[in-house]
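Consider the two complexes below, in which chain A is the common component and chain B and chain C are the respective partners.
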Partner chain A sequence: MPKIFIDNTSYEVKAGKNVLEACLTLGFDLPYFCWHPAMGSVGACRQCAVKVYKDENDTSGKIIMSCMEGVRDGMHLSIDDKAAKAFREQVIEWLMTNHPHDCPVCDEGGSCHLQDMTVMTGHDYRRYDYKKRTYVNQYLGPFIHHEMNRCIQCYRCVRFYKDYAGGKDLNVFAAHNHVYFGREKDGTLESPFSGNLAEVCPTGVFTDKTLRQHYTRKWDLTSAPSVCQHCSVGCNTIAGERYGGLRNIVNRYNAEVNGYFLCDRGRFGYEFVNSENRITKPQVMHQAVDENALMHHLETVLTNHSLIGIGSPRASMESNFALLDLVGKENFFCGVYNEEMMLERRITDILDSGKIPVASLKQIEDADAVVILGEDIWNTAPMMALAVRQSVMKTGGREATEKTPMPEWHELAVKELQQNTKGFMVNVTVTETSLDEIASLNINAAPDDIARLGFAIANHIHPSLELKNFEEAVLAKAKTIADELLKCSNPVIITGTSCYNDPVLRAAFDIAAALKAAGKAPAIAFVVPECNSMGLAMMRGHAFDTAVRRVNREPNVTAVILEQDLYRNLPAGIVDEFLSKCRNIIVLDSLNNATTEKAHVLIPASTFAEGDGTLISYEGRAQRYYQVYVPDNKYIRESWKWLSRMKMIISGKANGHDPHHDSVISSLETALRQFAGISAAAPSSGFSIHGEQIPREPHRYSGRTAMLANRNVSEPKPVADGDSPLSFTMEGYQGTPPSSAIPFFWKPGWNSPQAVNKYQQEIGGDLIGGNPGVRLFVKSSGNMPEFFKDYPEHFRERQNKWLLLPQSHVFGSDELSVYSAGIAGRSPEPYMGLSPVDAKMLDVTEGSQVTIKSEKEEYSFPVKIVESLRNGIVLVSKGLPGTQGMSWGNWVELAK
Partner chain B sequence: MQHLTNRAKPVDRKPMTALEKLYLWNIAKGMWITLKHIFKRKATINFPEQRREFSPVFRGLQVLNRDAEGRENCTACGLCAVACPAEAITMEAAERQPGEEHLYREEKYAAKYEINMLRCIFCGLCEEACPKDAVYLSETFAPSNYQRKGFIYGKEDLLIPHPKLEPEAYQQALGTRAKRQEKASSN
Partner chain C sequence: MITFSENKLKEAQRIINRYPQGKQKSALLPLLHLAQDEFGGWLDVPAMDYIASLLNIEPIEVYEVATFYSMYNLKPVGRHVFEVCQTGPCMLRGSDQIIDYIKQRLQINVGETTPDGMFTLKTVECLGACGYAPMMQLGKTFREHLNEEKVDQIIEECRSKAARNN
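Up next, the complex of A and B:
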């Protein structure tokens, strides 16, 4: 470890870092703008100046940019040096000459890096009183507000948007002192990662437009650590509330998962919580009732009937377990049909065997090769796609700097050396995807053929099977891919359930297994449909089909359906059949949907913002989200609380009290061994530091004695939170809380999100106390994995039948986020994709309506001709509003 | 026992004599003091007919200010609320829509602005914090009220009358502030 001297005190620092990172890691407050821990240094802003000395005898030294200088052993430098300080103050004075100084109006105010840095450098008096340069702002769509006058030309926005996230429509224009960051012309920012601009931009040029509609300063938000509910990646978020409404979602750093970023679905999809469509009162037979009447009615329908429960892939572990506990293990079903269930079971089996480790997003970023088999991750797990992009770029950078050594943080230099060198990434999907442009190889094929290619690759790496009837072309491709993979050391294989094809999953496993056999360190990632699909699959309930058979057999069934719209996930025919056969239907959910309409008893459930819960992400990482605020509506409670009440009714032990989170989690651990360790995902509710809880509100929270005074002048006692160590007040422990319970990032002098620096063990590294979440797949087996070997026949078109596959969309395919106006506006019209040949055969053109006929249902959609699609497949938009669940992976008929 | 102050005096607990017990002397002494006051200047005034003159730095009821065109100055920046030591101010921001430029001076405004007068300590920090000259403490008291909730002042209670639509009421609400401001700016 190099030893450096800062202002004559010696420190040990990590080699390979730049001086700025080293200083920040050591806890020094050194101002910066253009450097970003995830994007490296470009030396554009000149803000991070320090003085370096030749040796200990040098007294004059010279000013350098600390972000552009690597640490060297024996380096002498000074942060406090007068000249360096004056330099930094002057730089910010320059940057501020054209700045509008409109903090009161600016949405960034109070969480602004520019404010923080201005205060840090001590610049407090404006000497320049000439006319300021002004710009015309642009309309950038529903998510991002643009106010170009505030720009300080750090270039972070374009570096993130174009270089890091691969966006095309944000750029820098003009020159000199009037550079402009924006689009060529007004219009929606296309990248699904555009929301990060609000956090990446150190000023108020790009701000969250959805927050603007109910604007609240960061210091006025009641926030809680949360977990994104909109896909299986499980990005960590912070959700903020004021006046009983959710106001925004910002990133919560987790070095192993989402790092510094979020996708727009996760960031802007929160408004469903404030939606008009919320279920607000319990209903019995569509009549609103009060709690007594509800409990009374529940007593009659719960007792003397046989109970079955339908678990939900988007409800928390606690709620699913409370349901299982209520109905009993043998009566617990999942709202997922058999084919999908088998896929998920395959995935959990593979992961549980521990033969191949599962890849976190961080591991994907660090992988030196990526193979994607059959999953359009750009649309089903957006942040994973961003991680894949980093792998490709970083690997390219490493290759390019092999001959000319260049530290990784030296962004521009690395890019210059790298040019178009990219890491190895193969994207094998059903149709073209947005990741194609960075892939070394794109292959579009039918699911069975994707699997066959996968098996062929595995076989090339480690011959384990006899390949019969394989086309030469496939074998040749497999060989190229296999040869490339053999050059790597830690490749990642990504696949998922979107193909509704088990062989694809097995093939992915076989590639990983073969790589392991070849002495590599592969990892695997399986994308599943919903935020807790993995948790539900791990519970090993029966598939929905079994539930249907059950109600057909048994006449007197009360079904308890947990937080899901069955009509969205399953074909309508089978759901109708099921619901018509149930004697009583109890539904718990937060938003009205087709299933809640059929409920005999409807119970309002909390969303993630009003309740506590744990979700299990695709990597088997159990992550806790905390209640953000207590809703005024006392009926809105976590499903697990309602379900526990129901259990008490049955057992006759009702005492009017809800169970605490700790007890639910510990019963889950004892009842289902596969979840052992899940309680470690978060500190227990009794946890305190020096007897203090962790406040959800910053110490500057304002209006405490006035906020509720219009309702009642006597200030109510703050609500106690029996479920977590967080308090609903501004009082409490002001130091760094445990990493899984950080309600907001703030440190003295660091009001912006970049305060996260102070919560990390090293800059850009793990959080102090380790990254949040516990991985539940802990087994690891050194044994050589067994190969699956059973490859499928290759895909054959059928006469007048098409294989029905889903096309997901970042915006629209997720059930909850479409209740946010911005997301709904970006969601496309549903369509049906057909190959040009098939379209011709059916004699249809782009836009003509075609009807899909499956066993019981008919749906019609406008046709879109998809060049890259194989013949014999029909691709239909999944989950968009107005569409219904379909029998994905089955053969359907088409008619004009 | 240890005294908490060095000025403690021991109490004389001698029993009173018979003469002392009649209190005659003390009553006379008291009557004399009362009589004396009849000839002194009155300490009270006939409020509300009569009013005292305020010191120029008097801090009374808050006023939400408008500019000369009658547009609300407040941009709902929240600085007054965060400065308030009694946590007595709360507001909700809203975005000015096209066509509302004559109502609000800045692109955001306070859709709701409330002060809990029971909590306010009239320290004036809100006025000091405000970057938009949008809130200031006037020369009036918060009037009494029969109900506690009458002390929760909303925008309708706080906003200064419109200078163009109700010029007289505006001038009155402005009080001596306009003059003081003029004086301050001419200095």
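Up next, the complex of A and C:
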């Protein structure tokens, strides 16, 4: 480890880092703007100046930009040097000449890096008294507000939007003192990662427009560590509340998962929590009832009936387990058909076997090759797509710089060297996707053919089977891909359930297994549909088909349906049949939907914001989210609390008290061995530091004594939280909390999100205390063949039948996030995609209305002609209105 | 849609071919000059979009570049464009006074064009002729060691040239 001297004190630092990173890691407060730990250095802002000296005898030294200089053993530098300090102060002064100084009306105020850096350098007096240049702001769509006058020209926005995330519609225009960051004209920022601009921009140019609708300063928010609910990636978030409403979602750093970023679905999809459509009161036969009446009624429907439960892929582990505990293992079902369940079971089997490790997003970023089989991750797991992009770009950079001493953080230089060199990435999908443009090879094929290609690749890497009836072209492609993969050392194979095709999953495993046999260190990632699909799959409930048979057989069934709209995933005919056969239907959910309408007993469940829970991401990573605030409405409670009470009713132990989180989690651990270790995902509720809890409110939280004075002039006693070590107050432990329980990032002098520097072991590295979450697939258990080998027949079109497959959309395909107006507004109109040949054969054109007929249902959509689609497949926009209950992965008929 | 004349298109192709496959964007600057000459001395949005289509790049990539350089006019300009250097050395040698004098003579502000469409006044950054400061660029030539008389002369010269050509 190199030793460097900072103001004559020696420190050990990590080799290969730049001076700025080294100083920040050591805890020094050194100001900066343009450098970003995820995006490297460009030396544009001149803010991070320090002095370096030739050796210990050099007294004059010279000013350098700390972000542009690597650490060297024996380096002498000074942060405190007078000239360096004066330089930094002067930089701020000139950056501020045109700044509007409008902090009081700026949304960034109170969490602004520019404010922090200005204070840090000591610049406090404006000497420049000329006119400031001003700009016209742009309309940038529903998510991002634009206020260009505040810009300090650090170029972070375009570097993130274009370079890091591959966006095309944000750019920098003009030059010197009238440089402009924006779109070519007013309009919605198209990238699904645009929300990160609000955190990447160190000033108030780009801010969260949804927060603006119900604005609150960061210091006035009650916040809690949370986990995104909108796909299986499990990005870590911080959710903030004031006056009983959820106000915003911001990033919560996790070096292994989402790093510094979030996708827009995750960041802006929170408004369902504040929706008018929330279920607010318990209902019995559509009549609102109070708690006593509810409990009384529950007693009659729960006892003397046979109970079945339908678990939910979007409810927490706690709630799913409380349901299983209530109804018993044999009576616990999932709201999907057997075929779909078998896919998820295949995935958990593979992961359980421990043969191939699961790739975290960080491992995907670091992979030197990526193969994607059959999953449009841009739309089903957006942050994973962003990670793949980094793999492609960084590997390209690494390759280009291999023979030079150029360090990785030197962004512009690396780019220059890199030119168009990219890492190897193959994107094999049903139709074109947004990742195609950076792929080395794009292949569009039907699911079975995707699987066949996969098996062929595996076989080229490690011959294990005889390939019969394979087209030459496929074999040739497979060979090219296999040869490339053999040049790499830590490739990642990504696939998922979107193809509704088991062979695709097996092929992905075989490629990984072959790579392993060839001495590589492969990892694998399986994308699943919902935020807790993996957790539910690990519970191994029975398929919905069995539940239907059960109610058809047994007359006296009370079904408890947990947080899901059965009509969304299953054909309406089947759900109708099922529900009509149940004697009693108890539904717990947070929002009204087609299923809640059928409930005999409807129970208001909390969302992630009003309750505690644990979700298991695609990675098998169990991650805890914490209650953000206590809703006024006392009926809104976690499903697991309601379900545990029901259990007490049955066992005659009802005492009117809710169970505690700790006890639910520990029963889960004992009851289901596959979840052993899950309690380590977060500290237990009794955890405290020096006897203090972790406050959800910053110490500057204002208005506490007055904000409820309209109801009661006495300040109410804060509610005690029996479920976590977090408190609903501003008092408590002010130091760094355990990494999985950080309610907000703040340190003295660091009010912006960049305070995260102070929570990391090393800048851009792991959080102090390790990254949040426990990976559950670490022990190898279960059996797995060495290779599956059983490749399917090649895809054949059928006479008058089409294979129905989903096309997901970042905006629109997720059930909850579409409650946010901005997301609903960006959802496409429902459509069905056909290949040009099929369209011609059916004699339909773009926009013609066509009907899809499956077993019992009929759907009708306008046609969209998709050039890249294989004949014999019909693609329907998933999750959009009118697509409920479609039988994905099945053969359907089409009629004009 | 606007297009280059056949000759200009050939010229454009020749420029594009100077660069290796996949690097066509490198031809952007010369092509913008070509377009500016061809389409009336300035670049409107259709002209820039046309260049984008020739190079197979996004229009926004053209705007980014065209707005950066002061050599490209994004508004119609007069027949003669005074591009007066206002960077340090020229400023020390009195470019502010020269600019003020031109404004007063032509009754226009920086960035404006005289109503007769004859003159446009622009200020630009260092043109690399600091040794002859204060200076300006007029068409393809530099006018150096400027003072009020020289400015008068230049204006006269432009006017008479225009009269001759009409």
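Basically, the second predicted complex is superposed on the first by the 888 of 896 C-alpha atoms of A that agree within 3 Å, B and C clash if a C-alpha of one lies under 4 Å from a C-alpha of the other, contacts with A are read in each partner's own complex, and residues count from 1 in each chain.
Following the convention adopted for this analysis, a contact is a pair of C-beta atoms (placed from the backbone, for glycine too) under 8 Å apart; a residue touches a chain by one contact, two chains touch by 3 or more.
From a predicted model like this one, the values you see are computed outputs, not experimental measurements.
Enquirer: Check the residue A:Asp612 against both partner chains and state whether it touches chain B (first), chain C (second), both, or neither.
Expert: Once the two structures are laid over each other on A, A:Asp612 reaches no partner at all.
Enquirer: Contact-wise, after the overlay, does A:Glu241 reach chain B, chain C, both or neither (first, second, both, neither)?
Expert: Neither: A:Glu241 stays clear of chain B and chain C.
Enquirer: If you stack the two complexes on chain A, which partner ends up touching A:Asp368: first (chain B), second (chain C), both, or neither?
Expert: neither
Enquirer: Is A:Glu184 contacted by the first partner chain B, the second partner chain C, both or neither?
Expert: After superposition on chain A, A:Glu184 lies in contact with chain C alone.
Enquirer: Who does A:Asn420 touch here: chain B (first), chain C (second), both, or neither?
Expert: second
Enquirer: Quick one: name whichever of chain B and chain C touches more residues of chain A.
Expert: B
Enquirer: Between chain B (first) and chain C (second), which, if any, makes contact with A:Phe173: first, second, both or neither?
Expert: second
Enquirer: Applying the touch criterion given at the start, work out whether A:Arg700 contacts chain B, chain C, both or neither, answering first, second, both or neither.
Expert: In the superposed model, A:Arg700 contacts chain B only, not chain C.
Enquirer: Determine, under the contact definition given at the top, whether A:Trp219 touches first (chain B), second (chain C), both, or neither.
Expert: first
Enquirer: Pick one for A:Asp565: touches chain B only (first), chain C only (second), both, or neither.
Expert: After superposing on A, A:Asp565 lies clear of both chain B and chain C.
Enquirer: Return the residues of chain A at which the contacts from chain B and from chain C coincide.
Expert: In chain A, no position sits in both the chain B and chain C interfaces.
Enquirer: For a test of understanding, state which residues of chain B touch chain A in their complex under the given definition.
Expert: Interface residues on the chain B side: 75-79, 81-82, 84, 86-95, 106-108, 114-116, 118-119, 131-132, 148-149, 151-152, 154.
Enquirer: Given the complex with chain C, which residues does chain A contribute to the contact?
Expert: Those residues of chain A that touch chain C are 168-169, 171-176, 180, 183-184, 420.
Enquirer: Can you name the residues of chain A that touch chain B in the complex?
Expert: The contact residues of chain A facing chain B are 103-105, 109-110, 212-217, 219-220, 243, 700, 702-707, 709-710, 713.
Enquirer: Would you mind writing out the residues of chain C in touch with chain A in their complex?
Expert: Spelled out, the residues of chain C in touch with chain A are 22, 58-61, 63-64, 67-70, 125.
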